[in-house]
Structures are given as C-alpha cells and as structure tokens.
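Heads up: the structure comes next, in structure tokens.
Just so it is clear, A, B, C and D label the chains in written order, and each chain counts residues from 1 on its own.
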C-alpha cells in the first residue's frame, strides 16, 4: 500500500467507509425494537459492500477458492442461524470460536508471509491478535461444550490453579516479547499460538456452566479486540472499527451482567469467578412451606385483577414459554391484567427472557423491566414466579451475610400472593436458600414449569369453555 | 504498509470507534441484548475481508489454506449471525397481532 | 510528512490523539451541570497538550513570533472572556469571526506556499475551507454588529436579493473550480476570497437583528466545517475531529432552535429567513386590557401558594435577573413555591434564560424545561411573565392562520392568574399580537422589567420586614 | 502530504468524529446550551496549531504574516472561550448556597 493509492484501492476504501457507517447505524438502531430490523438490513448491506469491495482488490488471482469458501461457509452458517432459541447461548459461544479462529489463522498466515520483515509495533499487535484470538477459540469452544452439556458443567478446581494459568500466560507473553525483538524466529510462533489455545481451555475449566454467560460476553469482547488488532496488522480501517464496536459491546454487556449479579467487574475480568461462593448454605431446618395444586392455582389466578408473571431460568429449561403464552391468553380473556417482570440477569444470557417470551408472541410492551415494575408489586394480587429463583430472593435486600446481598431483585414478596413454580426446594444458580418460599403469602407449585403451566391453563379453560 | 503514520491513523480510528461503540451500545434496549450479541457477532465476522485477500493472493500454500479455513469460519458467522438475529427480532411484536394459535 | 514519521512527529501525533479524546470528553461532560466543569478542564488540558505538541514540530525555527502571537491573543482574549452575560450573543458571533479568520488566513497562506503543486481533491477542500471561512468572517462580524446595535437591526431587503446572492456565490464556486483545474492561477485566488467575504455581508443584510441567534449558530457550524476542511489540507487529525465536533454542534443547535421556532430547517439553511412573516398583523381594535400596579401585583403574589415565573427576552434587555432573584427570595421566604419555566427559545440564544438566572444565583433545579412544567400551569396560582411574549402566545395553539401556529409554547394562560410585565402593548420578536393579554385572567404590569420587579420586591419587604 | 491514502484516513476520521459529535451534542443538557456554544468556540480554536506551524516555519513573509494574525485570532478565542464558559458554569448551582447578597 503505497502512499498514492491505485484507483481500485480508493474505491475499496470508500466502500469500507460506507460499510463502517452502516455498521454503526446498525448498532444504533438496536436501541429500540421498532428500528432494530433496519439495523439488520444496514448490517447486511454493509457486509455485502465490504465483501464486494474486497473482491476488487488488485492482488487477487484465485477467485475460485474464495467462492468455494464462501459457499461452504454459507452451508455451515444456515443451520447455525436456525438453532432453537433455547440453544442461543451455546450458538453464540460457538460463533465466537469461529470468529476468533478466522482472526488467529489470518494473523498466523500474515506472520509467516512477512517474517522477518516485521516492525516491532506490528509484531506486538500481531502477537496480541494471535494470543487473544487463540484463547478465545478454545475458551469459547469449552464454553459452548459446557452449555450444550457435552462437557461436564461442574467447575474443576485445584490448588494453585490461578498460578498455573498465570505462568502459562506469562510464557506466551515472553515468547511474544522475544518475537517482537527477533521476528525472524519463525519456529517459536507455533508455540505462542499453542500456549494461547491451552490457556483458553484452562481459563474455562474452573468455571461452572452457570457462569458461562458472563464468560461468553467477555470472550465476545476479546474476539472484538483481536479483530481490531488484525485491522492494525492489515491496515484495514473497517476491521478496526468493527472490532472496536464488537469489543465495546462485549465489555459493556459483561459489565451490565456483573453489576446485576452484584459481582465486581475486576472479579470477572480476571477469571476468578466460579469459586462457588457459598456451598448451598443449607440451613437444613426443614421449615414448613405451603404448596398448592394446579386447580387451586387456577382458582387464585382467575380471581385476581392484576397478575405479574416472573419468568426465570427454569422457564427456559422447561421450554415453557408457549404454555406461558397460553396462560397469558387465558387470563387476559378473563379480564385479568397480566404483565411480565424482567430481571436483567434472569435466565442465562442478557435479554434471555425477552427473546423467549417474544418467541411465544407475547407483545414486548407487556415485558416490563425491573426498575419500572418493582413499585407495582404492592398493588399486585398475584406474582407468579415461573422457574426463577435468585432474582426473587429477598435475602439480597435484607440479609447482609448473603452472598447475593446488594444484588437488585424483583420485589415479588410484596405482592398479596406469591406463587412459585419449580420442581423442588433446590437452590438456583447462586446455590443459596430462598427465604421467599417460607413466607406466609407464598404458595409453592411443585412441578415442571411446562407441565404445571399446562395444567393451570387446562383448568382455566375447562372451567369456562 | 506498516509505516508509523498508518499506525497513528489506525490508533485514532480505534479510539474514535471505541468511543462510538460505548455510546451506542450503552443505549441498546435491554430487551434486545440477546439479538445484540448475535448481531455484533455477525458484524465482527467482517474479518472475512482479510481472509479473502489471503486466499485470493495465494502467496503461499500455508496462507491459502489458513485463509480458506478462515473464510469458511467467518462466512458461517456472517450468515448464521444475521439469520438468527433476524429471526429473533421478527419475534418482537409491540401490540398483539391477529391471535396466531400459540405453537404446541 | 513521509510515510515513516520522525520520532518527534510520533510524539506530536500521540499528543493530538490524547487531545482529541479530551475534547470529546469535554463535550460529553456538558451533558449535565454537575460534570460540566470537568468538561472545561478536559478541554483546557487538551488544548495545552496540543499546543505544546505543535511546538515540538521539527520545522519550527521562529519561536519568538509565535510567543508574541500567543501573548497578544491572550491579551485580547481576556476581556472577551469577561464581557457581561447579556453581551454573550455578540461575543459568540465575534469569536466565530476570529475563528474563521484564522482558518481563512491559514488556508490562503497554504495555497500560496503550495501552488501550483496542489492535487485536485486538495484544492477542492482548500477552496471549501476558504469560502466557508471567508463568509463566516464577515457574516459573523455583521451579526455581532447588529446584536451590539452598532449596525441597524432592521432587515434590509430588495427585489431579486436572493438571485444576487446566489450569483455571487456561484462566481466563487466557478473560480474554485477553475483553481482546482489550474492551481497555478495564483492571481485568481484573492478574488475567490473577496467574493466569499462579500457574500458573508450580503447574506446577513436581509436578516433582522432578532433572527441573529439562528444565524450565529449556523455560522458556528460553518466555522467548524471550515476548520475540518483545514484539517484535511494540513492532514491534521485533531483539527478534523475538533472541526467535526464544532460543526455538528452548530448544526444541532440551529436545528433545535428552528424546531422550537416552528421554522423548517431548510428555510434557515438557505438564508431565506428575515422575510418579516407578518407585518405586525395589527388588528387595531384597541381591545380592553386590565392592568395593575406594583402594589396590587405584590398582594396577589404574596397570597399565592404556587408561582411560576416565565422569563423572556425583556428580562435580558432590562438586565432584571438580579431583581428577579430578590423577588424569588422574598416570595420563598413567605413560603410561596416559586419555579421558573424555561422555553427553549426564550431570549435570543439557546439557553439564554438559564445562564442569566444562574448568574443571579438561582439554583438550576428551580429552572424547569417547557415539556416538564407545562402540565403544572393549571394547578398554578400565578404565572408571572417577565418580558416574554412569543413563547407564551396561545395563538400558536389555537389560531391556524398565525405565523407561529404549531410552535410549542408555555401554557401560561392556563394558570389561575397571569401577570405580564412589559413596557407596552408592542409585539415581540415575531411581530404579532398576543391574545394572552386580553384574557380575563390576565393582568398587564406596564413598565421596565427591572424597575417593576424592583417595586414589587420593595412592596413585599415593605409590608413585612 | 496530499496522498490519497491520507485523504481516505481523513475521511474516516471526519465521519467518525461527526457521528460522535451528533451523539454527544444531542445529549447536552438544554440548560447548558449557551456555555456549549462558547466551549465549542474555544475547542474550534485548535486551528491555532496550523497557524503556529506557519509562523514558526516562516517559509515566506506572507505566510508568516497571515500565520501571525491567525495565531492572535485563535488564541484570543481559546482564552476568551474557556474563560467565559468557566464563568458561566460557575454560576450554575444546584441548591441554594449561603445567601450571597444579590448584586445591585
């Protein structure tokens, strides 16, 4: 790339500029569901322009192989775009792995093409690209495996684990520094990549399946950063911009998640999570709880004026969202005002509940965010908790010794009646007891979320028509 | 290609784009955080342009092979990412549409 | 500037990068009064870094002249930073002229240094810089003159004015095109600049003094754009960024203003304003109005529970803000709840009222924006309008034939009692009658704002303390 | 200095910065629109850096003279702009301070 560009190069760069603007608009339009679809179109058009532009690149001699690659990628991509909504977390992890793989491979190829003629700054950026990319590949694969339950969900910890991980990373950095000084040492390069790959695996091993979402989001940020680094190496401004956008998105989502889970962000950043915080505190007092049958629940619901449904991870596991929709319909038909309270970290992914409920055709203006709906619980007749646990735990408000103390929660306990659908008295993700279940105004509805909601719906429609 | 002037330009662009990223993403509706993740995924796959050049220039077997795998990986992200984001966003409806029988 | 930069050049560029970030943060922190002061510091530090960086520039041989220039500029700048708050509009206009002067001079000097060795794109940008800069210099000077009342405020129009202006601009563009093709034609350059300067004068002549704020804001945008163009010419990224920020600021403020004045933005953009829209419709029916004395006004105010004060341009002209503050104190001491309703285009500058009232030490949480306070007027005992007129004109809501029809206004007429301080029945900026004054619940308080408010305050404290 | 590659970089930066400008300025509190105008004025006077180089390099009498006037003009904007913005912002107080006697 000389200082005076060829005509085709200018066209390419201008196409990249337009693509950058479209990418930015694409994210901007995600600020509201009414404009979000435009966002996708902007992104798609930008992508198309960028790829077409790249094909104009004057050095390209082999179009056939490119075409095969694009077709093959499409063939793999289509099923990845058709997975079930409940499989979205692992799909996301998998695609981080793919993205990082691309970045790592391109970085490695560039190293071999250019070595030993690489400036120090360039070699530093290249190392950053490959190390971040490499650890993201294996880390994301591990995360996807755990979420898909191919790998054991259980965190695997041992003494000195952090030290081992740290030393491994240090090795990679040492090699990188050596390469910066001696970019001709081609034989060292593979070791750096291998260590990064190994580090990705070890980073995820000690983390429980439930902690994956934060990790995935963080890996998203890493993938973005490595793409931006690749942009530096290739002097490609579009890549830098897309990488920076992706990187900030990953970081911001992890920050939002860790705030909503009341974890410090540094805690997350340094992979120190997964240390099971409180081994199911288990004050085995066998305190009494009141439970109810589907018939009783249906009666209470149909007598109510205002109902707030609080969905959680259990609804996702049971895939109960369509049944919940039927319940919503049945109650609405009877004139009951039904709304949904959405906690920011309900489920296992930011926005998880929104997507599932939207999938079941529930209008999004019925999905109310925590801060907005919390004031309404005292005027609510029934709060129906479906497979949520931690996000409703009043200990977060009252019990300073609780590991989730200070985490913002949905104030379901303030409703006149609380009904909780879950299969057992087992704790949720945080592994702690929920005092909500022992309150006088709480009724436990034991059973699988889908089956139980189904019974309530049958009861409701059986009663009337 | 690796002149310091280019690097400085790249730094400026990185910083500005990062700033835009933070401003824009912070304002994404929490309702859409899941589609946001898959959308950024698709956009990030723009790395495909680097891979395409590698394959197309075919400077060495290694670079062509690496590039090819990279093209496949990135393209599958583009296609899959846009597809699933679109599917998710289609589901978000504001007022109730002509009561479609809920899926079984 | 070769592709491989000298070490000092890299340092300069990095300093510029830091300065850019600081400039952006500076504007970002203006989003709230609590962080705004940080914003200034960020801006100042950024400026300092940028100037220090520039002094490192290797080609610089003459530091003495630079020092003299900086000192002289400071000497001129200090009094410009010390003007009275009421003179802020003309000060702003003057500083646009200075900024544009700098840009125009640098652009001209660069042209003579480089000609004939100027690429086409570069010459286009350079022409843009100089034309925009030139018209902003004289345009802003004219605007400042009109606001300071050195020049006649009256719009000067004649038939075919728009055509003459357009032809003049076309001449400048033709010369620019010629120069792009023949950058060696040095002798043509001054004509282009002169035409731009003349165009700036002619552009402002047909615009009344009262319309200046929108024009100033637009000139602000032009100044920013010309600075950005200068950045292109000098390949200076910091300049491009600052220019783009300034340009968007000017554009956005003019858009906000024209929206609040119910004018289409294109109308403003093409300088077609100033055409006095309705020659003081003057339905001279001599309809009856009720007026009151300061004593009566004081009695009504002290009997009220809730008072909303609506300040306008008249308060600024009379410099009555400190008296208003005394009134606020006196009423608050008596337990009256006093708030201020701020219309976005009250006064002659965006945010004009806020600054004046803040100057008089009125806490900004008492200054309520239109959209927020409009709902409260029906529950308000007294709306006290001080030198505002158009922004309270109910014809904007009801009379489809009014030139301000559709402009959002403050609904003072819905208060139980409305009192209006102004000197006469003369119309305000828009030159139209205000039906508010003839309502049954309206009392006119004729007199200078400062004097009249002073009398009310004396009355209030005379009665009690 | 005027290579097309530089121009492209400049274009990218202009577009990104313009975007940031719109995002950031749109969110400036209306309370502060007047100080905003004087602040952007001061920031825009960064054009002084171009003028400084002109004066310092002293390549021709014309360029030095033009540069000198430009330095003076821009510096006065910097100093005046920051000063008055600071003065204005100092006036904005949130709750009432220890009742200072109002100016005459």
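The rule we apply is simple: a contact is a pair of C-beta atoms (placed from the backbone, for glycine too) under 8 Å apart; a residue touches a chain by one contact, two chains touch by 3 or more.
What you are looking at is a predicted structure, and each value in this text was computed from that prediction instead of being measured.
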Farthest-lying chain, centroid of Cα atoms versus that of chain D: A
Contact-richer chain pair (by C-beta pairs counted) among B-C and A-B: A-B
Whole-Å gap between the CA centroids of chain B and chain D: 36
Centre-to-centre distance between chain C and chain B (centres being mean Cα positions), rounded to whole Å: 42
Whole-Å gap separating chain A and chain C, where each centre is the average of the chain's CA atoms: 46
Between chain A and chain B, centroid-to-centroid distance (C-alpha), Å: 15
Overlap residues in chain A, where contacts from two or more other chains coincide: 1, 3, 20, 24, 237, 241
Contacts with 2+ other chains: residues of chain D: 4-6, 9, 12-13, 16-17, 19-20, 24
Chain D partner contacts - residues on chain B that touch it in the complex: 5-6, 9, 12-13, 16-17, 19-20, 23-24
Chain C-touching residues of chain B, taken from the complex the two chains share: 3-6, 8-9, 11-12, 15-16, 19
For the chain C and chain D complex, residues of the former touching the latter: 1, 19-20, 23-24, 26-28, 30-34, 36-37, 39-40, 43-44, 46-47, 50-51, 53-55, 57, 59-63, 65-66, 68-70, 72-74, 76-83, 85, 88, 91-92, 95-96, 98-99, 101-103, 105-106, 108-110, 112-113, 118-119, 121-122, 216-217, 220, 223-224, 227-228, 230-232, 234-250, 252-253, 256, 322, 325-326, 329, 342, 344, 349-352, 354-355, 358-361, 363-365, 367, 369
Chain C residues touching chain B - in the complex, by the definition given at the top: 1-5, 10, 13-14, 17, 20-21, 24, 237, 241
Chain A partner contacts - residues on chain B that touch it in the complex: 1-2, 4, 6-7, 9-10, 13-14, 17-18, 20-22, 24-60, 62-64, 66-97, 99-100, 102-104
